[in-house]
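Structure record follows, encoded as structure tokens.
Just so it is clear, A, B and C label the chains in written order, and each chain counts residues from 1 on its own.
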Amino acid sequence: MSWIKARPYVMIFPAILVFTLFFLYPIGYMIFLSFHDWNFVSPVKEFVGFSNFTSLMEDAKFLQVLRNTFMYSGLTVFLTISISLLLALWLNKKGAMYGMVQGAIFSPHIISLVSISMLWMWIMDTDYGLLNWFLGLFGITNIPWLTDPKTSLLSLIIVAVWKGIGYYTLIFIAGLQSIPRDIYEAAALDDTNRIRTFFKLTLPMLSPTLFFLTIIGLIGSFQVFETISIMTKGGPINSTNTIVYYIYENGFRFFKIGYASTAGVILLLIIGIFTVFYFKLLGRKVHYQ
Amino acid sequence: MAEIRLENIVKKFNEDTVVKNLNLTIQDGSFTVIVGPSGCGKSTTLRMIAGLEAPTSGDIWIGDECVTHTEPGKRNIAMVFQNYALYPTMTVRKNIEFGLVNKKVPKAEREVLIREISDIVGLTEHLDKKPQQLSGGQRQRVALARAMVKKPKVFILDEPLSNLDAKLRGQMRRELIELHQKLGITFIYVTHDQVEAMSMGDQIILLDKGVMQQVDNPMKMYHDPNNVFTAEFIGTPAMNIVKRTEMDRYLPDLFKKAAFVGFKPEHALLVDEEWAISNYVIMESEILTTETLGAETIYAVRNEAGMMNIKSFTEPITNTKKIHVAVAYDKLYFFDIAEERIRHSYSHNTIPLSQVKKPALVGGN
Amino acid sequence: MKKNPFWKVINGIGLLLLICIFALPFVWMISTSFKTLGETMTFPPNWIPNQLLWENFSKAWNSGPFLKYFLNSTIVSVGILILQFATIIPAAYAFARYRFKGNNFFFGVTMVTLMIPTQLIFLPVYLQMSAFGLLDSLWGLILPFASSAFGIFLLRQSFKQVPEELLEAARLDQASEWKIIIKIMVPMAKPVLITFAMFSFIAHWNDYFWPLVMTTTEASRTLPLGIAKLREVDGGVAWNILMAGNLILVIPILIIFFFGQRQIIRAFVYTGVK
């Protein structure tokens, strides 16, 4: 093969090698492990067929983990997107004040989740927390945010929404600004009211952004780990245990590698379905040229 | 010697044959213009000469060297692109210098060359600016300078003036002609604009659908077109071409082979009344539209042979719609059924010369 | 908003409230890191500490091998960035500019990795690293991120926008492909590259998960792990020291953010919009 012909392959080789070694091969290996029973140290990986899958599906804890994961991801994405959209409509204006607000709401996005988790752990502390102090001013007292299974998952969602809103808002603002002005002018000439303009013009024009943010939001939330690991350790009574944390626990604490891998495969399948759905829905609109 | 020869050049893109068996010689030192409508294969031909596109078959010679498989950078060719293709992140100086650095020209020599060239094109004071800071005309000059500095044997220009406004285009046209005279090297210039072709080239190559239609100097091209395509392409408005059947009543006893009859808009006269003169076609017509361009006026007229354009250099006619169009027999062009030119004259003289009245031209004086 | 002064006031209050919700936690973090432990427990909280207790920072810093953590974090974040540049630039150029068999296939592979959450496959990657003998080493933290599908995607878009004429002009100027990349493509893609660099640096500087999973000794731990460990002291959490530690982690990012706020925000937004 001549150099000219070989050149593109040589140029993509390092990147493809990295992807193969650290993405594709591990996925294959994870699928392989999901059909085996292994404890990390034993020299034998015992083939067990689908039994990991079947026992996981009957495992009440895992089912709760799945429910938690979906609850967490769904609510986080839904809340983040709706609040961000409203904020974007509000903040999409010129002026120093608006610039400052945009900067402020964005700032959590560049801060490490470690810091954010600790900060919120303290803010949500039942006795010494800023949040309960603040609510106390209105006569609401001592909500056990992180220590009550009823509120713990919600608390984590609040943190995720708080962190994510700025980024989403700015993307929506960018999306709003890319809508040609003359469309609005035409609508104004047609005497369209603001609510109708929003639902009939703005929202459809934003729909690619909306879909994009939904999918990356979901994929991002599926892998939530840091806040859980630092703030709740999956508790109380598994109320905040989600899938990556579950894999981590099973793999690193209980050494049930096959079991942990199976959980990973299941989430991968779910993400795969979401992704295919996304591209089917959007494939015609988004052109990756 | 930098005579360029294309031998049996064919270029296909997938199934489309863009250039069909082109044989062509471009004289050393000539200013050759390749012209044709868009999609005629002119740019492809040019890019094959530059080496940016490889011919599907055939050979390209520059001087005594077959360059068909030579890399573009090694052909001793410089090119000016339609959108200038200046490197946007480099200053004017770096733009001009880039090719020299790649050729490993020593620094001292590079500086002399850059100074020399920027002097010629008048860029000396802009050398440290980025292309975005320059006007269209200045960018054009940078593109020229970048090409010239390499002292190429052949200079290729791909529609270089199409992004300039009309006034600047006229000026650049003159400058390019001067530049050609000064450098004395072969220029190959591609354009779709026949006015540019006529005004700049000393040799014009007219292409259509990948086939060469005619190669001639501008005046020959204008006065002596080989076929309907050339006749219609050169000159504005285009030559009026009418099927012979439509012209039968005006041209009795026309020889058999003629399938089309043509005349140039500027060769028609407008006269006010029915008059008869030997060796003229007279067509009673109605004026549909009048375009006044100042020095000249273009009328669209309709008569029994159809619609025609007439160009007149007298004051526009405003007082009447009815007019007579007169064209001398020896200004008529004939084409056969394959649209090829028939170089044949026509005469038909039914009226004795003694009865001929002096024509009275219409329009102010 | 309407021109009505009443709405203007409401609007202003709303904006202020927003700033509070997002900025106050950080203000609290900063002020706490200067307080005594006793003062952290007072309510209502003092927004401005009674005195500036700088020793909180030295206490945090000296509670573990923080210099080591700091250096490790720097080496990992910068090392990842350098390797990413080295792998994504040629790959993006090839994907954008060459026609070759498998172009779409390999780009498809790249895009698939973009959709896979890395934290989901840490277990097999961990086993992989263990097979390579790279566990508990900085290489183990760097190598999985030595390339970036996202970077390739962004850069390929940007390379595709460069007009073909420019490359042809360069080829006529006898430039090699390598020279075209370095002298023409990369300078033209500079905004995208800076964007990506910030994105990548911030992500890996802040990363907690991979170091947690991949390292077992102090020798290869990074700053976020060190900070998280500050919490594990006996007898209650020393919030003031903990917040001082967090500030040490956040400050480099804040400095970058301060100087490149517009650029960073544009960067993140750009990556979302494209």
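The rule is short, and it goes like this: a contact is a pair of C-beta atoms (placed from the backbone, for glycine too) under 8 Å apart; a residue touches a chain by one contact, two chains touch by 3 or more.
Note that the structure is a prediction, hence the values are computed from the model and not measured.
> Report the most central chain, judged by the distance from each chain's C-alpha mean to the global C-alpha mean.
C
> What pair of chains is linked by the largest number of C-beta pairs in contact?
By number of C-beta pairs in contact, the leading chain pair is A-C.
> State, to the nearest whole Å, the distance from the C-alpha centre of subunit B to the C-alpha centre of subunit C.
Each chain's C-alpha centroid was found; their separation is 58 Å.
> So how far apart, in whole Å, are subunit A and subunit C when each is placed at the average of its C-alpha atoms?
Between these chains, centre-to-centre, one finds 17 Å.
> For subunit C, which residues count as touching subunit A in their complex?
For subunit C paired with subunit A, touching residues are 12, 14-15, 18-19, 21-23, 25-26, 28-29, 40-41, 43-45, 86-88, 90-91, 93-95, 98, 100, 102-103, 106, 109-111, 113, 115-128, 143-144, 146-147, 149, 152-153, 157, 160, 177, 202, 205-209, 212-213, 224, 227-228, 231, 239, 242-243, 246, 249-250, 253, 257, 261, 264-265, 268-270, 272-273.
> Subunit C touches which residues of subunit B in the complex?
Result: residues 50-52, 71-74, 77-79, 81-83, 85-90, 98-99, 102-103, 146, 150 of subunit B touch subunit C.
> Mind pulling up the subunit A residues that touch subunit C in the complex?
5, 7-12, 14-16, 18-19, 21-27, 29-30, 33, 87, 90, 97-98, 100-115, 118-120, 122-123, 128, 130, 133, 162, 165-167, 170-171, 173-175, 178, 209, 212-213, 216, 219-220, 222-223, 225-226, 229-230, 243-244, 247-248, 251-252, 257, 260-261, 264, 267-268, 271, 275, 288-289
> Over in the complex, which subunit C residues touch subunit B? Could you list them?
Within the complex, subunit C contacts subunit B at residues 163, 165-166, 168-176, 179, 183-184, 187-188, 190.
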